[in-house]
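The structures considered in this document are given below.
You will see two complexes here that share chain A, one where it goes with chain B and one where it goes with chain C.
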Partner chain A sequence: MSLIVVENLVKTFKVAQRQPGLWGAVRGLIHRQHRTVHALDGISFAIEPGELVGYIGPNGAGKSTTVKILSGILVPNSGVCTVNGRVPWKHRIAHVQRLGVVFGQRTQLWWDLPVIESFDLLAAIYRVPPADYRRNRAEMVDLLDLAPLLDTPVRQLSLGQRMRCDLAAALLHRPDVLFLDEPTIGLDAVSKLAVRRFIKELNRRQGVTVILTTHDMDDIEALCSRVMVIGQGKILSDGSLEALRRSVTSERWLIVDLANDGDGVSDPDALVIEHTGRRVELSFDPQHISPAELIARVTAKHAIRDLFVQNPPIEKIIARLYGRLESSNQS
Partner chain B sequence: MLNAMRLYGKYVGVSIRGQMQYRASYLLQLVNHLVLTATEILAIWALFARFGSLRGWSLAEVALFYGLVNLVFSITETSMRGFDICERLVKAGDFDRILLRPRTTVLQLMGYEVRLTRLGRTLQAVMVLTWAITSLNLAWTIDRIGLFLAAVIGGVCLFNGIFLLQATMTFWTIETLELMSIITNGSVETAQVPMAIYQPWFRRFFTYVVPLGCVSYFPVVGVLGRPDPLGSTPLFQWLSPLAGVIFMLLALQAWRVGVRHYTSTGS
Partner chain C sequence: MTAYGAILGARIRMLLQYRAAALAGMATQVFWGIIRVMVFTAFYASLRPGVEAPMTLRQTVTYIWLGQALLGLLPMRIDGEGAGMIRSGTVAYELTRPWDVYWAWCMRAASLRIAPTMLRCLPIVVFAVALLPASMRLGPPASPAAAGLFALSVLLAVALTSVITALLTITMLWTISGEGLMLLLSGLAWVLSGIVIPLPLLPDAARHVIEWLPFAGTLDLPFRIYIGQVGPGEAAGVLLRQVGWTLALVMLGRWMLASGLRRLVVQGG
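And then the complex of A and B:
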């Protein structure tokens, strides 16, 4: 059986509707009108132990609602949800004992205390036996290079340092499942790489199942073998990054570096999407014209210094997917 | 249970070390509390210096009421701070973190921020109680000590219950908080003097709705060993602190309903 099973999960919120003007405010006191928002509109998926799954979607799509339900801090209206065979909100304490959660925007460490004291307290909260605690902590300190930070009060850490400490804090009790909510938000390039390397290593070494929500597609490309896309409370796509790409568009890009200034490239079967300096970016449909033929035509007509073919960046793909969602919503 | 108490001890340690990071601010707050409560005592003393007694109650007797309720309230304030700031936690989303940890919400909130500055009030209450006890010249029999302890325990339970209810309400609305703090602070003010001096409707409210009289007035009258102008019997005086315990148990149930409401609305 899968580690995480979600079937037909529905969650609606009642949002109080405010009437405009003073009269509306007075009426609101007596009779408040509610609008029902479908945060989750019947989503289903299953996750196997050891998977590293990216969970993406535009703001307000239902990502955090899903993660909150999986964490046991929100109860759905209907549907099935089990983690490790447990219903999260019914067995909250047993469930969170095996769960780690990291919020990129918020720390779970004690602000005024040295990092090590937060670790000690968390070990006590999670009832980690002292020997296991020492071993797990040593491993985290080693993997995340925390030794120089342990005695520093949390409020004095940089964002990147804090994130590394938060990752360690969420793993001291060796959870089976780890939820990462935008773990690289606001980090510099070096810290981002360190966090990604750690997540990958953790997943490989300990087999921790990871669900990662992010807006940074580099996180997804670097880490996730599987991506789930949610939009307006529904799962839009679930599979490998490649499959997602194919389902959205088959187009490819030809990037051309021209030899001379002032030259341009045009072709009836390709679309110029960008032209800056000597670089021209063309998009084309390989089912319509083969890359070889397009390259042959372009090189025959222009003096070329360099050229290469690539897939459209994943951001563009995702943006297109979200865009479709909005236009289908308007019609 | 044992493990929970050990963890609570750890929380206290963490709170103290956290506050010690700001030593000067801590000392100032402590002094502030001491001065504030000292003025209160002075006001009561001035009252007695002018009128001699309060409707037949001597200063030492009133000091016993005063000391008891302040002791009880300061203990509650020190240990229930997390419930006091529950509104802030809910608004900032920090309550989610509480739910993400494998411990009861009550234990985690009790340990959230143990405030040592409130010990100023405890210290002052102990001083007043010591003075009252020495001036009253009571024979401290097992009965008297037992009844007094029952009042302390019942009182701590009652105030814990009030804090719990106040925190519970934040799951629905924040507009009622002013009302709740009137009840909290009003309770302390009310119980600082013998309840017999108040109007009947007021006494009834603080006996049957918020059973404040049951954890202060009635048992203290029993401790003083004087006939109650309100006519309570010794048996009633002994049983009345239980009302504080019952109040807290009901408040705990309300708290559970509140947490369930929070997890179904997420706000």
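And then the complex of A and C:
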């Protein structure tokens, strides 16, 4: 049996609509018009213990609605949802006892308390036995390098320091499942790497099942063996990053650094997507023309300093996927 | 239970950091205490001969100082942490913790009442006992029994004022901004708990109603036990009244919180 089972989950919101202007405001007092928004339109997936799943989608796609239902904050209209055999909103306390959540946009720590006191308090709230607490805390302090921060009040921490402390705080009770909602948002490069390294290590060492929502595709590439894409309340794609890439496009890119200024590259079977200074980026379809042939043609015609072939960046792929979603919606 | 104790302890330690606010509050409370003692002394001096006041001047002065020392127990402000969460919509995240949200909020409310009272109470008492002329001093309790019952009654007052504060916070789930209600209620609380005029000195018609409201249980009733206006024999009834209100408001608060949160989980933040 899977650890997390979601079947046909539907969640709609009623949004009060107001006509513009003063007349609209007055009318709204007497008669409100409601619009129904389908935040989740029958989504299904299953997650096995120990998986590290990326959950991505454009803003407003239903990501956080899903995470909120899974954390017991929201009740869906219909559908099945169990975590560890428990229904989050029905067995809330038993469920959250085994759950860790980190919301990048807000801290769970007590603003005015030193970090260590927030930890103590969380241990008491989650009823972690003292010996376990001391061991878990020591491990987190070690993994996240928190020792110098423990006596600092949370409000004095930098964002990166705070996120490290928040991660530790969510894990003191050794949850089976961890929800990370944009854990790297606003972090500098060093902190991002530290957070990623930690998540990976945690997943490997403790077998914690992680669901990660993010807009940072580097997070996904660095961490997730599996990516679910949600758009307009539906799961659009679910599988490895490679499979996602292949499903969207087979194109590859050839990056050429020319030896001379003022030179340009053109080829009937490739498309110039960018030309800045001496660097030209071409996209081509490997089923149409093999990379070797294209390279041979280009090197025959131009003086080349360097060249390499790569996949289009994942951002471009995701943007294309979201773009398709928009246009299919309009048609 | 230890979890709720830990919340209470941590919040009290946090609030105890605000020393400047405590000093300023203490100075104001001492100043107002002196003024009010002088006002009531003047009132008593102008009583027509033969008119019997319901409390002696000594009792009134003691009542006033108790009010100044324990003013922090008055349910007049709600806790900013809860209010902020409701305003920003993050209140739903309270549900991601393995606790009973109502008791967690009650502990937050209790810390808000207890911490400032702990800070200010003792210095004000010391001042009012030792540094004032005899006629203006805080007097001793009416009897050892009165002292014991007073201590018990203050504990119940802490519970009562905490559940009132929690209830006020919960109403914000509907009103979002608590300012209006807060303004109205804090004005009322001052009058109804006996801080402006000791309740025994009110006209009978008003007194009979106000005595039975929950606010009387936060300050007035314990003070009356202390000064002996309510004797040890009648004290049981007073304590029961405090317990009764606390239980009733706990039930009301739990019910309101449950329906407020239900709206939230059905409709989103």
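Operating definition for what follows: the second predicted complex is superposed on the first by the 331 of 331 C-alpha atoms of A that agree within 3 Å, B and C clash if a C-alpha of one lies under 4 Å from a C-alpha of the other, contacts with A are read in each partner's own complex, and residues count from 1 in each chain.
Throughout what follows, a contact is a pair of C-beta atoms (placed from the backbone, for glycine too) under 8 Å apart; a residue touches a chain by one contact, two chains touch by 3 or more.
Computed from a predicted structure; not experimentally measured.
Participant: What does the overlay on chain A give for chain B and chain C, a clash or a fit?
Facilitator: Here the two partners, once superposed via chain A, clash with each other.
Participant: Go through the superposed model and pick first if A:Y126 touches only chain B, second if only chain C, both, or neither.
Facilitator: Touch status of A:Y126: both partners.
Participant: By the touch definition at the top of the document, which applies to A:H31: first (chain B), second (chain C), both, or neither?
Facilitator: neither
Participant: Per the contact definition in the header, classify A:W110: touching chain B only (first), chain C only (second), both, or neither.
Facilitator: The answer is both, since A:W110 touches chain B and chain C.
Participant: Let me check the overlay on chain A: which residues of chain A are in contact with chain B and also with chain C?
Facilitator: Common interface on chain A, chain B vs chain C: 13-14, 65, 68, 71-75, 89, 92-94, 96-97, 99, 101, 106, 108, 110, 112-113, 117, 120-121, 124-127.
Participant: Which chain B residues qualify as touching chain A in the complex?
Facilitator: Per the stated touch rule, the residues are 3, 6-7, 10-11, 14, 17-19, 21-22, 93-94, 96-97, 99-104, 260, 263-266.
Participant: Help me check something: in the complex, which residues belonging to chain A touch chain C?
Facilitator: 13-14, 39, 65, 68, 71-75, 89, 92-94, 96-97, 99, 101, 103, 106, 108, 110, 112-113, 117, 120-121, 124-127
Participant: For chain A, which residues are in contact with chain B within the complex?
Facilitator: Of all residues in chain A, those touching chain B are 13-14, 65, 68, 71-75, 89, 92-94, 96-97, 99, 101, 106, 108, 110-113, 117, 120-121, 124-127, 153.
Participant: For the complex, give me every residue of chain C touching chain A.
Facilitator: Going through chain C, the ones touching chain A are 2-3, 5-7, 10, 13-14, 17, 90, 92-93, 95-100, 265-268.
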